[in-house]
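In the two complexes below, chain A is the common chain; its partner is chain B in one and chain C in the other.
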Partner chain A sequence: MDALLIQVLNGLDKGAAYALIALGLTLIFGTLGVVNFAHGALFMIGAFCAVTMQRILNISTSVIDETQTDFLGNPLKIETPVIQNWFGPEMGAAIQDWSVPLSVILVVPVMFFVGYAMERGLIKHFYKRPHADQILVTFGLAIVIGELIKAFYGANPIQTPAPAALSGTIDFGTWFGFEAGAVLYPAWRLVYFLFAGAVIAAVFAFLQFTTFGMVVRAGMADRETVGLLGIDIDKRFTLMFGLAAAVAGLAGMMYTPILSPHYNIGMDFLVLSFVVVVVGGMGSLPGAVLAGFMLGILQSFASMNEVKAIIPGIDQIIIYLVAIIILLTRPRGLMGRKGVMED
Partner chain B sequence: MTKSNFTRRGLLKTSAVAGAGLAVPTIFTASSASAFTNEPTGDTVTFGFNVPQTGAYAEEGLDELRAQELALEHLNGMGDGGMLNTFSSKVLDGTGIMGKRVNMKTGDTQTKSDVARASAQSMIQKDGCIMINGGSSSGVAIAVQGLCQEAGVIFMAGLTHSNDTTGKDRKANGFRHFFNGYMSGAALGPVLEKAYGTERNAYHLTADYTWGWTQQESIQAVTEAMGWTTTQNVLTPVGAGDFSSYIAPILNSGADTLILNHYGGDMVNSLTQAVQFGLKDKQVNGKDFKIIVPLYSELMAKGAGSNIEGVYGSMNWNWQLGDEGTAAFVKSFGEKYGFPPSGAAHTCYVQTLLYADAVTRAGSFNPCAVVEALEDFEFDGMGNGPTLYRGSDHQCFKDVLVMEGVASPSGNAAMVGYDTLSIVEQTPRAQVEYPEDHPMFAGGSLGECNPGA
Partner chain C sequence: MLGLNSHDLKMFIVIAILTLAAPILLNPFPDASALGESFNAGYPALMQRFVIFGILVIGFNLLFGLTGYLSFGHAAFLGIGSYAAVWMFKLLSYNIVPAILLSVIVAGLVSVVIGYVSLRRSGIYFSILTLAFAQMMYAIAYSDLLGRMFGITVTNGETGLQVYNDDPQILMSAGDPTVPHLFGITMNGSSTWNVGGWSFIFQNGYYLSAIFMIAAFYLSIRIFRSPFGLMLRAIKSNQTRMHYTGLNTKPYMLAAFVISGMYAGLAGGLLSAMDPLTGAERMFWTASGEIVVMSILGGVGTLIGPVLGAGLIKYLENIVSKINDGILHNWFAFMPDWLDNLLVTIIHPFIGKGWHLTLGLLFMAVVIFLPGGLVEGGQRIGRLFRRKKSTDAANGATKPAE
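Moving on to the complex of A and B:
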């Protein structure tokens, strides 16, 4: 039972990442009708914003210490982070320790700008082109972004640890009556799940309870009529692209302590996220979230040794297997809208 | 009346044989003017350095490339000569190889077997490379070794740790300086027994390809021989990223030791996530839970950061060794690039010099002459103590290092990965040697050397 609980937690955690990316993908598809294969790259840029913040906080001044030597026997360069000079060693170290959560101040504006620039600079030229063209150009863009990241940051995964206060484990089982130590779960993964839930709730609230959101929803349902009412729906959709990019970026930023960022991290999530979108139903925001969590949990259960003993390799195919079954029985996905991608 | 011997069937057979002969790529045939593939005719000779320049192991590949460039500098008489000054064989004098200046061509393996083969083939066929060196994966090494055997050039393997490279997939034209999974097990065993005792339950997470399988088999054999039990061996896909689903079952499996048969980014992720799940702080059956990473590299240690503290592993070579050869190489490399060389860099550097030395001793670039010169060659001064290139399987036998992850003694961020691995023991060569017919290496044969003629 405790093993099952751990896999449920794992599934919710994975599902949270899938749901966040799929939510952004669906926002873009639902508003602009663009199949954005560069969405994984946005996740990656968010992750590298956390790396950048870490590096900014580690900018150091160096002094030569003649009493010590480096590996070649030369006098040793001692480096002291500027932030520790400004705030003192303890406070400076604490700020450095919290570099991942602090990255949010970098991620939101950077990602919003990246999304806005991407839509205005490239994507808008492909609105009336076939989906195949959109896929090709956005996939190409993802490769270019990946190579640029590699050129700046190298190909190796880069450690971006969670703050020390959140890097231990939580005895989750005791909350549900298990004996102490039976269900230990990494604190940061719970933080990620809660964070994802908050972001998803915020996006839904924004769309549901603001005038801006109401107009966007109206535009998603009938773009032409909204335009005829004199509303500049294109401008709002561009802002939605920026919002979707920010959501993907936040998802990437908060995932860095779980998976050390590298230049290909976006691609790892992209294909799975598209499956999530299709299973949830093209253009359906609640569908994307539901499918994200559902597939995350299924994937976790399929990774259990007991399950793999019965069906070897099931963990590698479960998501695609479920996608096939759902599309055969519900061609529009779990919550797909009629008419979306059916022309 | 004469009776013709030609029949329709005979004509078809003859045509088929002739067609097949013509269809064989020129890479696998020598020109009538050459005695062997890519025989150098001018005053230069070209080496092919086939390393991952993109993909997951690109950083390691670039470090290999740095070392290979350094080796060429030393062969051509530039720089301080590095290990040429300490190498026990003294036939190389910094004037190239047999009077020919050494050039290089590089290829990108992308750590994909098919890409690596295509890249090596291009270097042999288009660039006229006489030797191929480098790589950071056993799958790639085995694929390229097979190609070099067919093409008639020498393959001096880079970082490849699978038993199969010089086991069931060994080839006469292929040579491995790097150690292997068996040797890691043989070196680690006594250290683990001393540190953790003889009663342990080990849980293996194993990368699902040739290297992972042979590494796991080797470690399991050693640990079970000293009394440990194997709770479970779970194969994980390469590049899984999030290993949480594989780590969670360990928590309540009764295992008190986790052995991560992972390399590169997979090891960085699986170790980091294992630590996040609290395994290093866990107690099982009254024992502290332990994690072991049988194969370490500096770049992995850099990626894993402080998570490697207290984790044992093994290495082929490390820049902190105190011998003259190591000091010379570290000085050359460090002054040129500003940081210490990795183990991958070392093995590629040494392989390049060993090939050049073998050619010079043989007095010929003919691959079969080079094979003869390398087989059962004993040498020293290259950083691993007295070393033998065994003739029967083309595997180098030398001391192996047992390492332990530690907190950075220098506190210098640039040295993370380099000084966060500490040498626990230099396991003597005799302890890691094995007979030619050892079952873990069975099923292969070197075959005949192929000069390409």
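Moving on to the complex of A and C:
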């Protein structure tokens, strides 16, 4: 029983990442009708915002202290991070420690701007072109963004640790009445799951309970009529693109302590999140979230040793296998609507 | 002649001549010169890639160009062909005939299965299904899941499959060459022709692949012009309507898918025949993406586009990734130092390891400005000239009347 609980928990954080990316993809597809192959790149930009934040917080001033020498006999250089000069050593160190969650102040505006610029600068011109062209141009953009990241940050993964307070493990089992030590779970993964849940809830609430969200939903259902009512729906859809980019960026930012970001991380996640979107059903927001968590948890079950003993390597193919089975039995995915992307 | 109309025949002959004369045409600069070191492409390893990827993309174009079904997992068939060929080398002998035959047959059989399943859906669902199948096969090959299941070696995991000394090779007799060969003609054998500063290398392997590519190109012209090709284009333009006329489009689609899978298998078999080892990375989805990029760059749905696209990408990949800062400084040596350094700093991210950045930008530019690829670019330029000529002719015609 506790083994099962561990697998469910292990699947949650990965599932949460899939769900967040798939949610953004579906938002873009549902509003603008564009298949965005560059969405993984947005995830990656978010992750590298966290890296940048870490570097900003570590900018130091160095003072040469003539009275002390290092082991080579040269005068000792004392580096003090600027942030510690401003807030005092303890507060400054705490801020540095919390650099990943603090990146949120960088991620949200940056991602929103990137999304906005991407839609206005590039994707706007592709509404009337076939879906294949949209796939291709965003695929090209994803290559370009990935390579730019590689040029600036190098090809190696960059460590971005979680805050010390959250980098331990939680004895999760004791909460549910198992013996101590049976279900150990990294704290940050739980944080990630809760964070993802909060973001997903916020997006749904925003669409459901605000006037802006209501107009957007109306536009998703019938763009032309909303336009005829004198509402500038294009502007709102552009903002939704920015929102979707911000969601992807947040997902990437919070994932950095789990997986050190490198320039290919976007592509790795993109392929899987596309499978997630298609399994959930193109254009269905709940479907995307459901399929994200479902595939994440399935993958974690498939990587259990007991399962792998029966079918070796099933953990690497399970997602694709499930996608194939679902697409063949339920052509439009789990919760897809009729007539979406079938031309 | 050959069952082609005069326009197609002209194109076919041009392609055939260009391919056969490539070792000379691709070496325009003397070997020792700076330009030659950077821009010459007439060495066998690269030319093999031109023609083999040409075959692959011609096959892909038969599916995507004619029917509009975008397969994002075509590299899987390339990989299967490669593995099948290497297995033939391991079991029978280094003769490439059984290897290439089997690679085409196996790729064809696998594409029947994948095509039958994937073609039940269209649009993006088809793309994702093919992508899913290809990624599955990549995972199976990369970790040798088939082998682990039965306790034998099938793909040899991440090491890659190659021929070892203790392999059975039952048809091998004592005097046979120990590299892939065609009844004794070794694939890596070549003859060199030295003229002045040039040395042109004519390699057997290249010529074998080139003949295969010319044949593949001929077949693709015939398919394009056949009633079957017409049917595929009808399906592309309006599948619903074809259904209404009482036609079952499935067999046609499946046939197109299998033919294009067999082309990919042939390309994979040839890759193994040139170099008898193969690995799973040939099946990774980036490889499939590269096939898509090549065919878009050249011009989807045109006959000659795929060949151009494959050649251009492989050429640029080789040339651009070879250029480094030192070479750039040489080129810009005539400029003032500050300008030289500035230019090198600007260009630096795009060359050497940054080749993919250049590729991405080039690809985006083509998709945005030239949806028809290089072929459309060529046609536009051609039309520009023709219009000028025709206005000239019109002027000439009116003058005497005055």
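Note that the second predicted complex is superposed on the first by the 330 of 343 C-alpha atoms of A that agree within 3 Å, B and C clash if a C-alpha of one lies under 4 Å from a C-alpha of the other, contacts with A are read in each partner's own complex, and residues count from 1 in each chain.
The rule is short, and it goes like this: contacts are C-beta pairs under 8 Å (C-beta built on N, C-alpha and C of every residue); 3 or more make two chains touch, one makes a residue touch a chain.
These numbers were taken from a predicted model, which means no experiment stands behind them.
Undergrad: Once chain A of both complexes is superposed, is A:L184 in touch with chain B (first), chain C (second), both, or neither?
TA: It touches chain B, and chain C stays clear.
Undergrad: Is A:N58 contacted by the first partner chain B, the second partner chain C, both or neither?
TA: first
Undergrad: Is A:G168 in contact with chain B, with chain C, with both, or with neither (first, second, both, neither)?
TA: A:G168 contacts chain B only, not chain C.
Undergrad: Answer with first, second, both or neither: which of chain B and chain C does A:Q316 touch in the superposed model?
TA: So A:Q316 meets both chain B and chain C here.
Undergrad: Have a look at where A:M254 lands relative to chain B and chain C in the superposition and call it first, second, both or neither.
TA: A:M254: touches no partner chain.
Undergrad: Pick one for A:M294: touches chain B only (first), chain C only (second), both, or neither.
TA: neither
Undergrad: Give one of first, second, both or neither to describe whether A:A132 is in contact with chain B, with chain C, with both, or with none.
TA: Once the two structures are laid over each other on A, A:A132 reaches chain C alone.
Undergrad: Between chain B (first) and chain C (second), which does A:L20 come into contact with in this model arrangement: first, second, both, or neither?
TA: Once the two structures are laid over each other on A, A:L20 reaches no partner at all.
Undergrad: Which residues of chain A are in contact with chain B in one complex and with chain C in the other?
TA: After superposing on chain A, chain A residues 150, 316 contact both chain B and chain C.
Undergrad: Provide the residue numbers of chain A that touch chain B in the complex, in ascending order.
TA: 2-3, 6-7, 10, 13-14, 58, 70-72, 76-77, 79, 150, 154-159, 161, 167-169, 181-182, 184-186, 188-189, 257-260, 262, 264-265, 268, 299-300, 303-305, 308, 315-316
Undergrad: State the interface residues of chain A toward chain C in the complex, per the touch definition above.
TA: 35, 122, 125, 129, 131-133, 135-137, 139-144, 146-148, 150-151, 267, 271, 274-275, 278, 282, 311-313, 316-317, 320-321, 323-324, 327-328, 331, 341-343
Undergrad: Could you pull out which chain B residues touch chain A in their complex?
TA: My answer: residues 54-59, 232, 234, 237, 239, 241-242, 244-246, 248-249, 251-252, 265, 268-269, 272-273, 276-278, 281-282, 299, 302-306, 319, 330-331, 334-335, 340, 410, 412-413, 415, 418-419.
Undergrad: Quick one: in the complex, what on chain C touches chain A?
TA: 68, 70, 117, 120-125, 127-129, 131-133, 135-136, 139-140, 142-143, 145, 148-149, 285-286, 289, 292, 296, 349, 354, 356-357, 359-361, 363-364, 367-368, 371
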